[in-house]
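You will see two complexes here that share subunit A, one where it goes with subunit B and one where it goes with subunit C.
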Partner chain A sequence: MTVSKATVVANIYKEFYDILVTATGFTTIIYPAWPEFDVDSKSNYPLIILGSPDISWDEFTITKKWVNGTIGIDIYTTAANTCDQYADRTIDKVETERDTLRTAGLSFVSLDSTTKDSVDRGKIRVHIKTITFSFKFIFTKTRTW
Partner chain B sequence: MVIVVHVKGLNRAHKLFAQLPKTLNQEIMKKSVEFMGFVKKSAKLRAPRFTGYLASSIFITKTKNQVTLKVTAPYAAAQEMGAGLPHYVSVRKLMPWFGASRTMGAGMMAPGLSPKKGMVVVRRYKPFIKPALEAGLANLPNMLINGTKKAIRRAGG
Partner chain C sequence: MTILDQQIIVNNINEFGNTVTVREISKSFGSDEYRLLTETETDHAGILAWAQVLTLADDLVKEGIFQAGDFVFWFDTNNTSYIVAGNHIQHNSIWYEINDVIEHRLQDTIYVIEARTKKI
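Take a look at the complex of A and B:
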(Lines of atoms letter the chains of each structure in order from A and count residues from 1; the text may use other names and numbers.)
(Lines give C-alpha, C1' and ligand atoms only; values in the text may rest on other atoms or scores of the structure.)
Protein backbone atom coordinates (compact mmCIF):
# COMPACT_ATOMS: atom_id res chain seq x y z
CA MET A 1 0.00 0.00 0.00
CA THR A 2 1.28 3.48 -0.82
CA VAL A 3 0.50 6.65 1.04
CA SER A 4 -0.92 9.33 -1.25
CA LYS A 5 -1.86 12.98 -0.80
CA ALA A 6 -5.56 12.11 -0.55
CA THR A 7 -5.11 9.31 2.00
CA VAL A 8 -2.29 10.58 4.19
CA VAL A 9 -3.83 10.08 7.62
CA ALA A 10 -5.73 6.85 6.94
CA ASN A 11 -2.93 5.10 5.06
CA ILE A 12 -0.19 6.10 7.47
CA TYR A 13 -2.30 4.62 10.26
CA LYS A 14 -2.85 1.48 8.21
CA GLU A 15 0.87 1.15 7.49
CA PHE A 16 1.81 1.31 11.16
CA TYR A 17 -1.06 -0.99 12.14
CA ASP A 18 -0.05 -3.61 9.55
CA ILE A 19 3.51 -3.53 10.86
CA LEU A 20 2.66 -3.71 14.56
CA VAL A 21 0.03 -6.43 14.25
CA THR A 22 2.72 -8.83 13.00
CA ALA A 23 4.89 -8.36 16.10
CA THR A 24 4.95 -11.23 18.61
CA GLY A 25 1.95 -11.11 20.94
CA PHE A 26 0.41 -8.03 19.32
CA THR A 27 -2.22 -9.64 17.08
CA THR A 28 -5.27 -9.34 19.33
CA ILE A 29 -4.34 -6.47 21.59
CA ILE A 30 -4.10 -3.46 19.27
CA TYR A 31 -7.01 -1.01 19.27
CA PRO A 32 -7.55 2.35 17.53
CA ALA A 33 -9.07 3.87 20.68
CA TRP A 34 -9.82 2.95 24.27
CA PRO A 35 -11.91 -0.28 24.03
CA GLU A 36 -15.66 -0.28 24.63
CA PHE A 37 -15.54 -3.13 27.16
CA ASP A 38 -14.61 -2.62 30.83
CA VAL A 39 -10.89 -2.85 31.47
CA ASP A 40 -10.92 -3.16 35.22
CA SER A 41 -9.35 -6.60 35.62
CA LYS A 42 -5.85 -7.92 34.98
CA SER A 43 -7.11 -10.25 32.24
CA ASN A 44 -7.98 -7.22 30.06
CA TYR A 45 -4.31 -6.23 29.80
CA PRO A 46 -1.97 -5.80 27.99
CA LEU A 47 -3.57 -3.26 25.67
CA ILE A 48 -2.02 -1.30 22.86
CA ILE A 49 -3.72 1.81 21.53
CA LEU A 50 -2.42 3.00 18.17
CA GLY A 51 -3.40 6.66 17.90
CA SER A 52 -4.30 8.54 14.77
CA PRO A 53 -1.34 10.40 13.18
CA ASP A 54 -0.97 14.15 13.77
CA ILE A 55 0.37 16.02 10.77
CA SER A 56 1.44 19.48 9.67
CA TRP A 57 2.78 20.90 6.41
CA ASP A 58 6.07 22.62 5.61
CA GLU A 59 7.39 23.99 2.34
CA PHE A 60 9.80 21.64 0.61
CA THR A 61 10.28 23.01 -2.90
CA ILE A 62 8.32 25.32 -5.15
CA THR A 63 6.07 22.44 -6.23
CA LYS A 64 6.20 20.14 -3.22
CA LYS A 65 5.35 20.14 0.47
CA TRP A 66 6.58 18.11 3.43
CA VAL A 67 4.04 16.41 5.65
CA ASN A 68 5.65 16.28 9.09
CA GLY A 69 3.82 13.88 11.30
CA THR A 70 3.87 11.96 14.55
CA ILE A 71 2.03 8.84 15.60
CA GLY A 72 1.65 7.73 19.20
CA ILE A 73 1.48 4.17 20.51
CA ASP A 74 0.20 3.68 24.07
CA ILE A 75 1.06 0.45 25.86
CA TYR A 76 -0.99 -0.45 28.94
CA THR A 77 0.11 -3.36 31.14
CA THR A 78 -0.21 -4.43 34.75
CA ALA A 79 3.51 -5.00 35.28
CA ALA A 80 6.31 -2.50 34.73
CA ASN A 81 8.75 -4.99 33.20
CA THR A 82 6.10 -6.25 30.76
CA CYS A 83 5.48 -2.65 29.73
CA ASP A 84 9.16 -2.23 28.90
CA GLN A 85 9.21 -5.51 26.97
CA TYR A 86 6.27 -4.50 24.81
CA ALA A 87 7.87 -1.10 24.28
CA ASP A 88 11.08 -2.77 23.10
CA ARG A 89 9.15 -5.00 20.70
CA THR A 90 7.26 -2.03 19.30
CA ILE A 91 10.37 0.08 18.76
CA ASP A 92 12.29 -2.83 17.26
CA LYS A 93 9.45 -3.74 14.91
CA VAL A 94 9.08 -0.22 13.55
CA GLU A 95 12.85 0.13 13.19
CA THR A 96 13.26 -3.12 11.24
CA GLU A 97 10.31 -2.25 8.98
CA ARG A 98 11.58 1.20 8.04
CA ASP A 99 12.20 -0.07 4.53
CA THR A 100 8.55 -1.10 4.23
CA LEU A 101 7.52 2.36 5.38
CA ARG A 102 9.95 3.95 2.91
CA THR A 103 8.40 1.93 0.08
CA ALA A 104 5.00 3.25 1.14
CA GLY A 105 6.32 6.81 0.92
CA LEU A 106 7.20 7.55 4.55
CA SER A 107 10.72 8.78 5.13
CA PHE A 108 12.79 9.82 8.16
CA VAL A 109 10.82 7.50 10.42
CA SER A 110 12.38 8.05 13.82
CA LEU A 111 11.64 7.49 17.50
CA ASP A 112 10.67 10.92 18.75
CA SER A 113 10.10 10.35 22.47
CA THR A 114 8.77 7.98 25.13
CA THR A 115 6.91 8.78 28.36
CA LYS A 116 6.00 6.60 31.33
CA ASP A 117 3.14 6.74 33.82
CA SER A 118 1.45 4.43 36.32
CA VAL A 119 -2.09 4.69 37.68
CA ASP A 120 -4.04 2.76 40.30
CA ARG A 121 -7.33 1.66 38.79
CA GLY A 122 -9.44 -0.06 41.40
CA LYS A 123 -7.45 -3.06 42.61
CA ILE A 124 -4.88 -3.07 39.83
CA ARG A 125 -1.94 -0.85 38.96
CA VAL A 126 -1.75 0.04 35.27
CA HIS A 127 1.60 0.97 33.74
CA ILE A 128 1.48 3.11 30.62
CA LYS A 129 4.26 3.72 28.14
CA THR A 130 3.66 6.14 25.27
CA ILE A 131 5.98 5.83 22.27
CA THR A 132 5.93 8.59 19.66
CA PHE A 133 7.36 8.10 16.19
CA SER A 134 7.89 10.95 13.75
CA PHE A 135 7.88 10.65 9.97
CA LYS A 136 7.88 12.75 6.81
CA PHE A 137 5.99 12.42 3.56
CA ILE A 138 6.38 14.51 0.40
CA PHE A 139 3.51 15.35 -1.91
CA THR A 140 3.07 17.57 -4.93
CA LYS A 141 1.00 20.56 -4.01
CA THR A 142 -1.86 22.07 -6.00
CA ARG A 143 -0.63 24.94 -8.14
CA THR A 144 -2.31 28.25 -7.51
CA TRP A 145 -0.28 30.39 -9.86
CA MET B 1 49.81 47.02 5.18
CA VAL B 2 46.26 45.80 4.83
CA ILE B 3 44.78 43.13 7.05
CA VAL B 4 41.69 41.48 5.65
CA VAL B 5 39.38 39.61 8.00
CA HIS B 6 37.02 37.01 6.55
CA VAL B 7 34.20 35.85 8.75
CA LYS B 8 33.02 32.45 7.52
CA GLY B 9 29.57 31.11 8.15
CA LEU B 10 27.95 34.50 8.75
CA ASN B 11 25.19 33.72 6.26
CA ARG B 12 24.41 30.48 7.99
CA ALA B 13 24.39 32.17 11.39
CA HIS B 14 22.13 34.87 10.02
CA LYS B 15 19.75 32.24 8.64
CA LEU B 16 19.75 30.42 11.99
CA PHE B 17 18.85 33.56 13.94
CA ALA B 18 16.17 34.50 11.43
CA GLN B 19 14.53 31.05 11.41
CA LEU B 20 14.99 30.08 15.04
CA PRO B 21 12.09 32.03 16.62
CA LYS B 22 9.61 30.52 14.14
CA THR B 23 10.86 26.91 14.43
CA LEU B 24 11.17 27.22 18.21
CA ASN B 25 7.60 28.42 18.46
CA GLN B 26 6.38 25.52 16.30
CA GLU B 27 8.33 22.86 18.17
CA ILE B 28 7.39 24.19 21.62
CA MET B 29 3.75 24.21 20.53
CA LYS B 30 4.04 20.56 19.35
CA LYS B 31 5.59 19.56 22.64
CA SER B 32 2.88 21.44 24.55
CA VAL B 33 0.24 19.46 22.69
CA GLU B 34 2.13 16.24 23.42
CA PHE B 35 2.38 17.15 27.11
CA MET B 36 -1.31 17.98 27.41
CA GLY B 37 -2.15 14.77 25.56
CA PHE B 38 -0.19 12.86 28.18
CA VAL B 39 -2.00 14.68 31.01
CA LYS B 40 -5.36 14.00 29.34
CA LYS B 41 -4.69 10.25 29.03
CA SER B 42 -3.42 10.07 32.61
CA ALA B 43 -6.44 12.01 33.93
CA LYS B 44 -8.85 9.76 32.01
CA LEU B 45 -7.32 6.70 33.65
CA ARG B 46 -7.33 8.28 37.11
CA ALA B 47 -10.89 9.63 36.94
CA PRO B 48 -13.24 7.60 39.20
CA ARG B 49 -15.68 5.52 37.17
CA PHE B 50 -19.35 4.78 37.58
CA THR B 51 -20.95 5.67 34.27
CA GLY B 52 -17.67 6.71 32.60
CA TYR B 53 -19.04 10.17 31.83
CA LEU B 54 -16.38 12.03 33.84
CA ALA B 55 -13.51 10.36 31.94
CA SER B 56 -15.20 10.86 28.58
CA SER B 57 -15.70 14.59 29.30
CA ILE B 58 -11.94 15.24 29.50
CA PHE B 59 -10.51 16.73 26.30
CA ILE B 60 -7.98 19.26 25.07
CA THR B 61 -8.50 22.26 22.80
CA LYS B 62 -5.82 24.02 20.77
CA THR B 63 -5.63 27.63 19.65
CA LYS B 64 -2.68 29.31 17.98
CA ASN B 65 -0.56 29.74 21.12
CA GLN B 66 -2.46 27.85 23.78
CA VAL B 67 -3.42 24.32 24.69
CA THR B 68 -6.20 23.92 27.28
CA LEU B 69 -7.35 20.84 29.17
CA LYS B 70 -11.11 20.93 29.80
CA VAL B 71 -13.43 18.74 31.84
CA THR B 72 -17.06 19.44 31.07
CA ALA B 73 -18.80 17.09 33.53
CA PRO B 74 -20.85 19.32 35.93
CA TYR B 75 -19.48 17.48 38.96
CA ALA B 76 -15.84 17.53 37.82
CA ALA B 77 -14.83 20.41 40.12
CA ALA B 78 -16.42 18.74 43.14
CA GLN B 79 -14.72 15.46 42.27
CA GLU B 80 -11.36 17.17 41.89
CA MET B 81 -11.47 19.61 44.77
CA GLY B 82 -14.02 18.14 47.13
CA ALA B 83 -17.55 18.89 48.24
CA GLY B 84 -17.14 18.65 52.00
CA LEU B 85 -17.61 15.55 54.15
CA PRO B 86 -19.46 12.51 52.75
CA HIS B 87 -23.12 13.46 52.59
CA TYR B 88 -26.45 12.58 50.99
CA VAL B 89 -27.67 14.14 47.74
CA SER B 90 -31.14 13.57 46.36
CA VAL B 91 -31.22 11.18 43.39
CA ARG B 92 -33.56 13.56 41.61
CA LYS B 93 -30.81 16.19 41.48
CA LEU B 94 -28.31 13.77 39.97
CA MET B 95 -30.75 12.05 37.54
CA PRO B 96 -29.91 14.23 34.50
CA TRP B 97 -26.32 12.97 34.69
CA PHE B 98 -27.07 9.31 35.40
CA GLY B 99 -29.97 8.87 32.99
CA ALA B 100 -33.64 8.34 33.84
CA SER B 101 -33.43 4.57 33.46
CA ARG B 102 -30.90 4.07 36.23
CA THR B 103 -31.99 3.08 39.72
CA MET B 104 -30.04 3.87 42.84
CA GLY B 105 -29.90 1.31 45.59
CA ALA B 106 -27.76 -0.10 48.35
CA GLY B 107 -24.78 -0.18 46.03
CA MET B 108 -24.48 3.59 46.27
CA MET B 109 -23.60 3.76 49.98
CA ALA B 110 -20.21 4.61 51.44
CA PRO B 111 -18.87 2.91 54.56
CA GLY B 112 -20.31 4.54 57.65
CA LEU B 113 -23.39 5.96 55.91
CA SER B 114 -26.51 3.76 55.71
CA PRO B 115 -28.50 3.61 52.48
CA LYS B 116 -31.44 5.96 52.26
CA LYS B 117 -34.21 5.59 49.75
CA GLY B 118 -34.04 8.20 47.01
CA MET B 119 -30.61 9.42 48.10
CA VAL B 120 -27.09 8.92 46.81
CA VAL B 121 -23.99 9.26 48.95
CA VAL B 122 -21.42 11.74 47.63
CA ARG B 123 -18.12 10.38 48.79
CA ARG B 124 -14.77 11.81 49.60
CA TYR B 125 -13.30 13.61 46.61
CA LYS B 126 -10.65 11.96 44.52
CA PRO B 127 -8.48 14.37 42.51
CA PHE B 128 -7.58 13.14 39.05
CA ILE B 129 -6.28 16.25 37.21
CA LYS B 130 -3.58 17.29 39.68
CA PRO B 131 -2.00 13.81 39.98
CA ALA B 132 -2.01 13.55 36.17
CA LEU B 133 -0.36 16.95 35.92
CA GLU B 134 2.27 16.00 38.51
CA ALA B 135 3.05 12.80 36.62
CA GLY B 136 3.38 14.77 33.39
CA LEU B 137 5.54 17.53 34.84
CA ALA B 138 8.32 15.01 35.45
CA ASN B 139 8.53 14.46 31.67
CA LEU B 140 8.12 18.09 30.62
CA PRO B 141 11.77 19.26 30.86
CA ASN B 142 12.96 16.44 28.57
CA MET B 143 10.16 17.16 26.11
CA LEU B 144 11.10 20.83 25.95
CA ILE B 145 14.80 20.04 25.55
CA ASN B 146 14.05 17.69 22.66
CA GLY B 147 11.78 20.28 21.08
CA THR B 148 14.46 22.95 21.36
CA LYS B 149 17.09 20.68 19.79
CA LYS B 150 14.75 19.92 16.91
CA ALA B 151 13.99 23.60 16.42
CA ILE B 152 17.70 24.44 16.23
CA ARG B 153 18.25 21.62 13.72
CA ARG B 154 15.34 22.78 11.58
CA ALA B 155 16.56 26.37 11.65
CA GLY B 156 19.88 25.26 10.24
CA GLY B 157 21.94 25.05 13.40
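Take a look at the complex of A and C:
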Protein backbone atom coordinates (compact mmCIF):
# COMPACT_ATOMS: atom_id res chain seq x y z
CA MET A 1 0.00 0.00 0.00
CA THR A 2 1.23 3.49 -0.81
CA VAL A 3 0.38 6.49 1.30
CA SER A 4 -1.40 9.14 -0.79
CA LYS A 5 -2.12 12.82 -0.19
CA ALA A 6 -5.86 12.17 0.07
CA THR A 7 -5.56 9.45 2.69
CA VAL A 8 -2.47 10.42 4.67
CA VAL A 9 -3.81 9.84 8.16
CA ALA A 10 -5.67 6.59 7.47
CA ASN A 11 -2.91 5.10 5.34
CA ILE A 12 -0.12 5.92 7.78
CA TYR A 13 -2.16 4.37 10.60
CA LYS A 14 -2.72 1.26 8.50
CA GLU A 15 0.95 1.02 7.57
CA PHE A 16 2.01 1.03 11.20
CA TYR A 17 -0.81 -1.34 12.15
CA ASP A 18 0.14 -3.83 9.42
CA ILE A 19 3.74 -3.79 10.63
CA LEU A 20 3.01 -4.10 14.34
CA VAL A 21 0.37 -6.82 14.02
CA THR A 22 3.07 -9.20 12.76
CA ALA A 23 5.19 -8.80 15.89
CA THR A 24 5.19 -11.72 18.30
CA GLY A 25 2.14 -11.60 20.57
CA PHE A 26 0.61 -8.53 18.92
CA THR A 27 -1.94 -10.20 16.63
CA THR A 28 -5.13 -9.55 18.61
CA ILE A 29 -4.17 -6.89 21.10
CA ILE A 30 -3.84 -3.73 18.99
CA TYR A 31 -6.71 -1.22 19.14
CA PRO A 32 -7.10 2.33 17.76
CA ALA A 33 -8.42 3.56 21.12
CA TRP A 34 -9.20 2.17 24.56
CA PRO A 35 -11.33 -0.92 23.75
CA GLU A 36 -15.07 -0.98 24.26
CA PHE A 37 -15.15 -3.92 26.61
CA ASP A 38 -14.62 -3.98 30.37
CA VAL A 39 -10.90 -4.05 31.02
CA ASP A 40 -11.19 -5.21 34.59
CA SER A 41 -9.00 -8.29 34.94
CA LYS A 42 -5.38 -9.20 34.30
CA SER A 43 -6.45 -11.48 31.47
CA ASN A 44 -7.51 -8.39 29.46
CA TYR A 45 -3.87 -7.31 29.26
CA PRO A 46 -1.54 -6.65 27.47
CA LEU A 47 -3.12 -3.97 25.33
CA ILE A 48 -1.54 -1.92 22.58
CA ILE A 49 -3.23 1.35 21.65
CA LEU A 50 -2.00 2.61 18.26
CA GLY A 51 -2.90 6.28 18.10
CA SER A 52 -4.02 8.19 15.06
CA PRO A 53 -1.08 10.03 13.43
CA ASP A 54 -0.66 13.75 14.17
CA ILE A 55 0.59 15.72 11.19
CA SER A 56 1.56 19.21 10.07
CA TRP A 57 2.74 20.72 6.80
CA ASP A 58 5.97 22.45 5.89
CA GLU A 59 7.12 23.89 2.61
CA PHE A 60 9.51 21.60 0.75
CA THR A 61 9.82 22.94 -2.79
CA ILE A 62 7.80 25.26 -4.97
CA THR A 63 5.54 22.37 -5.94
CA LYS A 64 5.77 20.06 -2.93
CA LYS A 65 5.08 20.02 0.80
CA TRP A 66 6.44 17.97 3.66
CA VAL A 67 4.02 16.21 5.95
CA ASN A 68 5.75 16.06 9.32
CA GLY A 69 4.07 13.62 11.60
CA THR A 70 4.23 11.59 14.77
CA ILE A 71 2.41 8.46 15.82
CA GLY A 72 2.11 7.27 19.39
CA ILE A 73 1.93 3.69 20.61
CA ASP A 74 0.76 3.03 24.17
CA ILE A 75 1.58 -0.32 25.74
CA TYR A 76 -0.43 -1.47 28.77
CA THR A 77 0.72 -4.51 30.75
CA THR A 78 0.40 -5.82 34.29
CA ALA A 79 4.11 -6.44 34.82
CA ALA A 80 7.05 -4.09 34.42
CA ASN A 81 9.27 -6.61 32.64
CA THR A 82 6.51 -7.47 30.16
CA CYS A 83 6.06 -3.78 29.44
CA ASP A 84 9.71 -3.45 28.51
CA GLN A 85 9.58 -6.59 26.38
CA TYR A 86 6.62 -5.34 24.37
CA ALA A 87 8.31 -1.95 24.01
CA ASP A 88 11.42 -3.63 22.63
CA ARG A 89 9.36 -5.66 20.16
CA THR A 90 7.54 -2.53 19.01
CA ILE A 91 10.69 -0.49 18.48
CA ASP A 92 12.54 -3.34 16.82
CA LYS A 93 9.64 -4.10 14.49
CA VAL A 94 9.35 -0.52 13.27
CA GLU A 95 13.10 -0.24 12.85
CA THR A 96 13.43 -3.43 10.81
CA GLU A 97 10.45 -2.44 8.65
CA ARG A 98 11.72 1.05 7.81
CA ASP A 99 12.25 -0.05 4.21
CA THR A 100 8.61 -1.17 4.00
CA LEU A 101 7.56 2.23 5.29
CA ARG A 102 9.90 3.93 2.80
CA THR A 103 8.31 1.99 -0.04
CA ALA A 104 4.92 3.21 1.15
CA GLY A 105 6.17 6.79 1.01
CA LEU A 106 7.21 7.43 4.61
CA SER A 107 10.74 8.66 5.10
CA PHE A 108 12.92 9.63 8.07
CA VAL A 109 11.03 7.24 10.34
CA SER A 110 12.67 7.69 13.71
CA LEU A 111 12.07 6.95 17.36
CA ASP A 112 11.31 10.30 18.96
CA SER A 113 10.82 9.40 22.60
CA THR A 114 9.52 6.92 25.15
CA THR A 115 7.89 7.52 28.53
CA LYS A 116 6.92 5.17 31.34
CA ASP A 117 4.22 5.34 33.96
CA SER A 118 2.21 3.03 36.18
CA VAL A 119 -1.28 3.37 37.64
CA ASP A 120 -3.57 1.30 39.81
CA ARG A 121 -6.86 0.33 38.16
CA GLY A 122 -8.79 -1.27 40.97
CA LYS A 123 -6.57 -4.05 42.29
CA ILE A 124 -4.45 -4.21 39.14
CA ARG A 125 -1.14 -2.34 38.81
CA VAL A 126 -0.97 -1.30 35.15
CA HIS A 127 2.36 -0.39 33.55
CA ILE A 128 2.18 2.02 30.63
CA LYS A 129 4.89 2.68 28.07
CA THR A 130 4.33 5.34 25.43
CA ILE A 131 6.49 5.18 22.31
CA THR A 132 6.46 8.02 19.79
CA PHE A 133 7.76 7.69 16.24
CA SER A 134 8.18 10.56 13.80
CA PHE A 135 8.05 10.39 10.03
CA LYS A 136 7.93 12.55 6.91
CA PHE A 137 5.90 12.28 3.74
CA ILE A 138 6.13 14.41 0.60
CA PHE A 139 3.17 15.27 -1.59
CA THR A 140 2.59 17.51 -4.58
CA LYS A 141 0.58 20.48 -3.48
CA THR A 142 -2.38 22.05 -5.27
CA ARG A 143 -1.25 25.01 -7.37
CA THR A 144 -2.77 28.34 -6.47
CA TRP A 145 -0.84 30.53 -8.87
CA MET B 1 -30.96 -8.51 53.20
CA THR B 2 -32.63 -11.03 55.53
CA ILE B 3 -34.19 -14.36 54.61
CA LEU B 4 -37.63 -12.83 55.09
CA ASP B 5 -36.81 -9.86 52.83
CA GLN B 6 -35.73 -12.16 50.03
CA GLN B 7 -38.82 -14.35 50.42
CA ILE B 8 -41.02 -11.25 50.22
CA ILE B 9 -39.29 -10.26 47.00
CA VAL B 10 -39.74 -13.73 45.51
CA ASN B 11 -43.43 -13.58 46.46
CA ASN B 12 -43.71 -10.17 44.80
CA ILE B 13 -42.11 -11.52 41.65
CA ASN B 14 -44.61 -14.35 41.50
CA GLU B 15 -47.66 -12.29 42.55
CA PHE B 16 -47.04 -8.91 41.00
CA GLY B 17 -44.36 -9.60 38.41
CA ASN B 18 -44.58 -8.57 34.78
CA THR B 19 -43.01 -10.24 31.82
CA VAL B 20 -40.18 -8.20 30.40
CA THR B 21 -37.91 -8.62 27.40
CA VAL B 22 -34.21 -8.87 28.10
CA ARG B 23 -31.98 -7.90 25.18
CA GLU B 24 -28.65 -9.67 25.35
CA ILE B 25 -25.91 -7.63 23.71
CA SER B 26 -22.74 -9.37 22.68
CA LYS B 27 -19.78 -7.50 21.25
CA SER B 28 -17.19 -8.75 18.85
CA PHE B 29 -14.21 -6.95 17.41
CA GLY B 30 -13.22 -7.21 13.76
CA SER B 31 -9.79 -8.25 12.61
CA ASP B 32 -9.35 -5.08 10.53
CA GLU B 33 -6.89 -2.37 11.52
CA TYR B 34 -9.56 -0.36 13.35
CA ARG B 35 -10.96 -3.46 15.16
CA LEU B 36 -14.47 -2.30 14.26
CA LEU B 37 -16.99 -3.25 16.91
CA THR B 38 -20.03 -5.32 15.97
CA GLU B 39 -22.90 -5.60 18.45
CA THR B 40 -25.27 -8.53 18.17
CA GLU B 41 -28.64 -8.28 19.89
CA THR B 42 -30.60 -11.31 21.02
CA ASP B 43 -34.01 -10.72 22.60
CA HIS B 44 -35.37 -13.02 25.29
CA ALA B 45 -39.06 -12.32 25.80
CA GLY B 46 -41.42 -13.37 28.55
CA ILE B 47 -39.02 -13.19 31.49
CA LEU B 48 -40.79 -12.67 34.81
CA ALA B 49 -39.62 -9.70 36.86
CA TRP B 50 -40.91 -7.42 39.59
CA ALA B 51 -40.41 -3.83 38.51
CA GLN B 52 -39.79 -1.09 41.08
CA VAL B 53 -39.73 2.48 39.86
CA LEU B 54 -37.20 4.76 41.55
CA THR B 55 -38.57 7.99 43.01
CA LEU B 56 -37.06 11.11 44.53
CA ALA B 57 -37.44 9.50 47.95
CA ASP B 58 -35.11 6.62 47.11
CA ASP B 59 -31.52 6.74 48.33
CA LEU B 60 -30.20 5.78 44.89
CA VAL B 61 -31.83 8.90 43.43
CA LYS B 62 -30.80 11.10 46.37
CA GLU B 63 -27.19 10.02 45.89
CA GLY B 64 -27.40 11.13 42.27
CA ILE B 65 -26.51 7.77 40.78
CA PHE B 66 -29.96 7.21 39.31
CA GLN B 67 -32.81 9.51 38.32
CA ALA B 68 -36.48 9.37 39.26
CA GLY B 69 -38.14 7.17 36.64
CA ASP B 70 -35.27 4.69 36.45
CA PHE B 71 -36.19 1.14 37.45
CA VAL B 72 -34.95 -1.65 39.66
CA PHE B 73 -35.96 -5.07 38.33
CA TRP B 74 -36.03 -8.12 40.57
CA PHE B 75 -35.60 -11.56 39.03
CA ASP B 76 -35.71 -15.07 40.41
CA THR B 77 -32.95 -17.49 39.53
CA ASN B 78 -34.31 -18.50 36.11
CA ASN B 79 -32.65 -16.91 33.07
CA THR B 80 -29.90 -15.41 35.21
CA SER B 81 -27.34 -15.57 32.45
CA TYR B 82 -29.04 -12.67 30.65
CA ILE B 83 -29.05 -10.34 33.64
CA VAL B 84 -25.65 -8.73 33.25
CA ALA B 85 -24.56 -5.10 33.14
CA GLY B 86 -24.79 -3.65 29.66
CA ASN B 87 -27.80 -5.69 28.55
CA HIS B 88 -31.18 -3.98 28.09
CA ILE B 89 -34.61 -4.61 29.58
CA GLN B 90 -37.88 -3.59 27.95
CA HIS B 91 -40.74 -2.83 30.29
CA ASN B 92 -44.00 -1.23 29.10
CA SER B 93 -42.38 -0.54 25.71
CA ILE B 94 -39.55 1.48 27.28
CA TRP B 95 -35.95 0.29 27.19
CA TYR B 96 -33.64 0.43 30.19
CA GLU B 97 -29.94 -0.38 30.36
CA ILE B 98 -28.72 -2.58 33.20
CA ASN B 99 -26.24 -0.55 35.21
CA ASP B 100 -25.59 -2.78 38.22
CA VAL B 101 -26.42 -6.40 38.98
CA ILE B 102 -26.54 -7.53 42.59
CA GLU B 103 -26.94 -11.21 43.41
CA HIS B 104 -28.57 -11.69 46.79
CA ARG B 105 -27.40 -14.92 48.31
CA LEU B 106 -28.31 -17.20 51.15
CA GLN B 107 -25.34 -19.31 52.15
CA ASP B 108 -23.69 -18.98 48.72
CA THR B 109 -26.87 -19.78 46.81
CA ILE B 110 -28.31 -17.00 44.66
CA TYR B 111 -31.89 -16.36 45.72
CA VAL B 112 -32.89 -13.20 43.94
CA ILE B 113 -31.17 -10.94 41.43
CA GLU B 114 -31.45 -7.17 41.58
CA ALA B 115 -30.87 -5.31 38.32
CA ARG B 116 -30.55 -1.53 38.67
CA THR B 117 -31.28 0.11 35.34
CA LYS B 118 -31.28 3.50 33.72
CA LYS B 119 -33.74 4.62 31.10
CA ILE B 120 -32.15 4.70 27.64
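In the analysis below, the second predicted complex is superposed on the first by the 145 of 145 C-alpha atoms of A that agree within 3 Å, B and C clash if a C-alpha of one lies under 4 Å from a C-alpha of the other, contacts with A are read in each partner's own complex, and residues count from 1 in each chain.
Everything that follows uses one rule, which is that a residue touches a chain if its C-beta (ideal position, glycine included) is under 8 Å from a C-beta of that chain, and two chains touch if they have at least 3 such contacts.
The structure presented is a predicted model; accordingly, all values stated were derived computationally and were not measured.
Trainee: Go through the superposed model and pick first if A:74 touches only subunit B, second if only subunit C, both, or neither.
Mentor: first
Trainee: Go through the superposed model and pick first if A:132 touches only subunit B, second if only subunit C, both, or neither.
Mentor: So A:132 only meets subunit B here.
Trainee: Quick check on the superposed pair: does A:113 touch subunit B, subunit C, both, or neither? Answer first, second, both or neither.
Mentor: First partner only.
Trainee: Which partner does A:121 reach: the first (subunit B), the second (subunit C), both, or neither?
Mentor: The answer is first: A:121 touches subunit B but not subunit C.
Trainee: Examine A:14 and indicate which partner it touches, taking first as subunit B and second as subunit C; both and neither are also allowed.
Mentor: A:14 sits against subunit C, while subunit B stays out of touch.
Trainee: Residue by residue on subunit A, keep only those touching subunit B in one complex and subunit C in the other, then list them.
Mentor: No residue of subunit A touches both subunit B and subunit C.
Trainee: Can you list the residues on subunit C that touch subunit A in the complex?
Mentor: Against subunit A, the touching part of subunit C is residues 27, 29, 33-35, 37.
Trainee: Under the stated contact criterion, what part of subunit A meets subunit B in this complex?
Mentor: Those residues of subunit A that touch subunit B are 34, 40, 54, 56, 70, 72, 74, 112-113, 115-117, 119, 121, 126, 128, 130, 132.
Trainee: Residues of subunit B touching subunit A in their complex?
Mentor: Its residues touching subunit A are 26, 30, 33-34, 37-38, 41-42, 44-46, 49, 135-136, 139, 142-143, 146.
Trainee: Could you list, by residue number, the parts of subunit A that touch subunit C in their complex?
Mentor: For subunit A paired with subunit C, touching residues are 13-14, 17-18, 21, 30-32, 35-37.
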